[in-house]
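Quick notes on the structure that follows.
Chain lettering (A, B, C, D and E) follows the sequence in which the chains are written, and residue indices restart at 1 in each chain.
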Amino acid sequence: MKICQVERPLVSTNRIAGFEHKHLLVVRDGSSRQVAVDSVGCVPGDWVICVGSSAAREAAGSKEYPSDLTIVGIIDHWPPESAGDDGADRPRPKST
Amino acid sequence: MKICQVERPLVSTNRIAGFEHKHLLVVRDGSSRQVAVDSVGCVPGDWVICVGSSAAREAAGSKEYPSDLTIVGIIDHWPPESAGDDGADRPRPKST
Amino acid sequence: MKICQVERPLVSTNRIAGFEHKHLLVVRDGSSRQVAVDSVGCVPGDWVICVGSSAAREAAGSKEYPSDLTIVGIIDHWPPESAGDDGADRPRPKST
Amino acid sequence: MKICQVERPLVSTNRIAGFEHKHLLVVRDGSSRQVAVDSVGCVPGDWVICVGSSAAREAAGSKEYPSDLTIVGIIDHWPPESAGDDGADRPRPKST
Amino acid sequence: MKICQVERPLVSTNRIAGFEHKHLLVVRDGSSRQVAVDSVGCVPGDWVICVGSSAAREAAGSKEYPSDLTIVGIIDHWPPESAGDDGADRPRPKST
């Protein structure tokens, strides 16, 4: 799964019926932007876990849902400023 | 899903029967070009949402449709000139 | 789908039975080379549409066919020399 | 499958129910970080094999599990310092 | 499918049961290394065709096999030293 940051909502009035009325969000994965379906209820600025591939469909609610990128979790703590190094200077989350 | 801009139609007379008579469009994703199946009715210049992976098949109409990239929505407002930055200088669409 | 150019046939005598006797072709996608299954009957030099992901299997003939890249159409006109720009200096194909 | 190194656990309290209570780990694949589901019981520092695509779902326990990257094995010996060359100066593991 | 060169066997004693006792091999795709399941019986140095995506599962023996990269054929002749050019100075294999 990818680690992305939510940037903003995306409005697409003319879209296929299969999307239903789920929210679409623009997320950033490093320097690239993609569109993800929100399954957890997140807001701009959140660091989230995005699942792709065929798993994105079921994660969005059903096997027929036409998503290839679905937000499946909000990360409790994420050190974006150390994303390019090993984050050794920051407290690390412990496994639960 | 990817954010792409529609560039032009693509004509392929000799193609497999599975494509039926759906329109194929050349879309740009940053500097790369791909071919997408049109499921919403868009025109060159439109900024669109393209779904890939296995979801592209059902988004194109059926589980057997041989697409790996399908246009599933037209984006209402997209700031292409700020695609490389955070777009802070432009009005942002609000979620519906 | 990707836009590729057919380069040459590929001979693999020792291969899994699942490939049957379909032709395998080396195709170029920009600077990278991949191997695709031919479903339309193309020759070296042709510009073709290649489908990947799970759609490549059915496009090659059946859901069990072990392909992740299948040639599904020959492009009628393609401007390879303008592939890196917007192709504005060449006649563009019109949608049918 | 990718060769990754486990970096740390990832805590996501607000996540979809489909993840159950399996551990999520941040893994490094070269310079990029991703999140993987742990199916073998590994610890930070381990070099592991990660499977993606649709195979990640079944590798995580069931066809419905919403994973696109699952850790499926711990590598017995891996020469990370020679990851960029041919590793010729190190003893190589023999096939079993 | 990708064109890769087999580098060495990979030993992973602690791995999920789903892999059974098939051989795992480290393969090179250009400058990156991945792990592939061997379905044809190849040795280090061989140039091989690797299938990814969901096709990798069935190519490895069954729909449940947890592979996302499976070696499906050994290439009879491959000009690795011309992999970056058009290989025009070498005899080319003819289609069968």
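As a working rule, contacts are C-beta pairs under 8 Å (C-beta built on N, C-alpha and C of every residue); 3 or more make two chains touch, one makes a residue touch a chain.
Source: prediction; values computed, not measured.
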What are the chains that subunit A and subunit B both touch? none
With a step meaning a move to a chain it touches, how many steps does the shortest path from subunit A to subunit E take? 2
Give me the C-alpha superposition rotation for subunit B onto subunit D, in degrees, nearest 5. 145
Centroid distance [mean C-alpha coordinates] between subunit D and subunit A, Å: 20
Where subunit B and subunit E are represented by their mean Cα positions, the distance between them in whole Å: 32
Set of subunit B residues in contact with two or more other chains: 52-54, 56
Based on which chains touch which, is the overall arrangement a line, ring, star, complete graph, or other? ring
Ring path (origin subunit C; first step to subunit E): C, E, D, A, B
Under the touch definition given earlier, write down the residues of subunit C that touch subunit B in their complex. 1-3, 30, 39-41, 49, 51-56, 58-59, 70, 72-77, 83, 86-87, 92-96
What residues of subunit A sit close enough to touch subunit B in their complex? 7-16, 18-19, 23-24, 26, 32-36, 52-54, 56-57, 64-69
